[in-house]
Amino acid sequence: MSPASGLSRPEPTVAAGTFVVDVEGFEGPLDLLLTLARQQKVDLKQVSILELADQYLAFVAKARQASLDLAAEYLVMAAWLAFLKSRLLLPEPPSPEEPSAESMAEALAFQLERLESFRAAAARLAARPRLGREVFARGAPEAVETTTVSVVSAHLGDLLSAYAAHLCRREPRQLHIAPSELDTVAAALDRLERLLGSAPGWEELRTFLPPETAEGLRRGRLGARATLAATFTASLELARRGRLRLRQARPYGPIYLVPAPPVEGDTS
Amino acid sequence: MSGVEPLHQRLAEAILFASAEPVPVKSLVDRLPAESDVTAVLAALEAAYRGRGVNLVRIGDAWAFRTAPDLAPLLTEERQVQRRLSRAAMETLAIIAYHQPVTRAEIENIRGVQLSRGTLDSLFELGWIRPKGRRAAPGRPVTWATTTAFLDHFGLAGLDDLPGIDDLKAAGLLDARPAIQVYGNAGETDAPDGD
Amino acid sequence: MSGVEPLHQRLAEAILFASAEPVPVKSLVDRLPAESDVTAVLAALEAAYRGRGVNLVRIGDAWAFRTAPDLAPLLTEERQVQRRLSRAAMETLAIIAYHQPVTRAEIENIRGVQLSRGTLDSLFELGWIRPKGRRAAPGRPVTWATTTAFLDHFGLAGLDDLPGIDDLKAAGLLDARPAIQVYGNAGETDAPDGD
């Protein structure tokens, strides 16, 4: 029902012939109605709605005569008032869905009174001593100094672990490092020399590893990998001593070794 | 100055005096020594400054020192240049103040005209109104209410202090009554108040 | 308040209150009614605010209200910030706790590193350590011990409550396994299972 074009509300002031319609001062049809009602010079409660409807319709008629482009909301109100007027003049049996003409008139009167009251309230509010105009706040507010107090959060657990960490770092000085369980090159040399005698020809390096190493290698165990590395280092050492020969077909390929024929003068 | 501990009163005086903004009672309670009776301190201070050039005034749940309103004509030099509020904006502000919480549609219904685009925005930017919640009605429209800054600006101790509010209430003008259905959204007017 | 005209005093009070800057006497002379005795007004105001939470103070040729200086410590707002103690400070504190009384040089010797400048200071400021006496050694160095506040903070009834080294071991805090074994075991568990 409300005019969809809320974007522009024309507020024309147009002089047409001798009749001047000034809509500029009005804030919508209710405001216009209120002004007209005040012209009745009676208490708003006693205002004649019928008379008011006539005045409004006459106003709108004059405005249209003057080819004034009235906002749609004024015309909607005019239509509603014309309807109200007809209902007030020609009472029909009330239908259960529609409000009676009297209650419609009453609602309009209430709205006018309410609008006027809020107008008055707004005026009284505007007349109050205002901050920065009549009443003033402290001109030189003093900033409250904020001090930041840092609160240290530490628990006994923190203290103990700090001490424990300190003890741990200190301990290696007195600590006897446990013998490593990793295979050494010396052990690998012993093992390789021992096994080499039984090798009939070229054998892969892996066959000289202890039996449990294969499983360890498959699992990626450090001990097994250390044994493999030690055995390889031992094979290089024995090759250097001329005790065996090594062969590898391609990079990363399997390494084969074969006992070298004994050399004259080798005592070991 | 009654039986209020002088140090507490001096401290409250200094805190209130140091601030240009109203100081919430809660903040005073936090900042005064635990044993102090903040209500008594405020009452003693208010009495001490009554009739002076500067008064201690209540603004909602807060207190502030403000120059005495009767000195206004003599204090012109401090006057700040203020944008004049349009009649529409002032009326809208009054409707929100007296009728809060209130939706945009309800304001439009009371004024019988659509709110122009910037009206609520400008009141909001002034810090005088704030969205308060949503109405339990179709579309769940936002409701508006006034702020402490509004009370401060108009020198009101609280909403009860709004001029003529008792008369408006007594006349039933703040009741949600069926209004004429000329304008849209009128249905919202009938929705129960309170969020 | 002497024979000063009350309105003049109220007006001066309001002007001084509302001004952003200290108000020069000359400016007060200009703004108070011609017949007013500005000197007497200022003297009366100054006296009225003496000993209060706010004082009227002279700043050169101008006057301004200022909160009373003695209230400054009470007007500051404390904001607490949680802070963690550095690892070095915590370890130093632990060493003092376990080895007290102990000198700075001894702490450095025990930790195997020099103490950075602020470590003892910060522990002292926290109230957790105190100088206990002097070591009968060349230079008579100060010895440090923990305080009651230290015991309170860490919830200890006394120094005897500090867990012993055996307790630390039992709690698993002293893991003295050689690093290589730790590594070896880790290698085993972390390795992907065989195909």
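By letter and in written order, the chains are A, B and C; residue numbering begins at 1 in each of them.
Just so it is clear, contacts are C-beta pairs under 8 Å (C-beta built on N, C-alpha and C of every residue); 3 or more make two chains touch, one makes a residue touch a chain.
None of these values were measured; they are calculated from a predicted model.
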(message) Going by C-alpha centres, which chain would you call the most central?
(response) A
(message) If I average the CA coordinates per chain, which chain comes out farthest from chain A?
(response) C
(request) Return the distance between the CA-based centres of chain A and chain C, expressed in whole Å. (result) 36
(request) Just give me the whole-number Å value for how far the CA centre of chain B lies from that of chain C. (result) 40
(request) Mind checking the centre-to-centre distance between chain A and chain B? Centres are C-alpha means, answer in whole Å. (result) 33
(request) Provide the list of chain A residues touching at least two other chains, using ranges where the numbers run on. (result) 136-139, 142, 144
(request) List, in ascending order, every residue of chain C touching at least 2 other chains. (result) 14, 17-19, 65, 67, 75, 77
(request) Could you pull out which chain A residues touch chain B in their complex? (result) 1-3, 6, 9, 27-31, 33, 73, 76-77, 80, 99, 103-104, 107-108, 110-111, 113-115, 117-122, 124-126, 128-139, 141-144
(request) Write out the stretch or stretches of chain A touching chain C in their complex. (result) 136-140, 142, 144-156, 158-171, 175, 177-178, 180-182, 215, 218-223
(message) Residue numbers of chain C touching chain B in their complex, please.
(response) 9-15, 17-19, 31, 51-54, 65, 67-68, 71, 74-75, 77
(message) Please output the residues of chain B touching chain A within their complex, sorted ascending.
(response) 15, 17-21, 64-69, 72, 75, 78-80, 82, 85, 87-88, 90-91, 93-95, 97-98, 109-114, 116, 152-156, 162-165, 168, 171, 173, 177-185
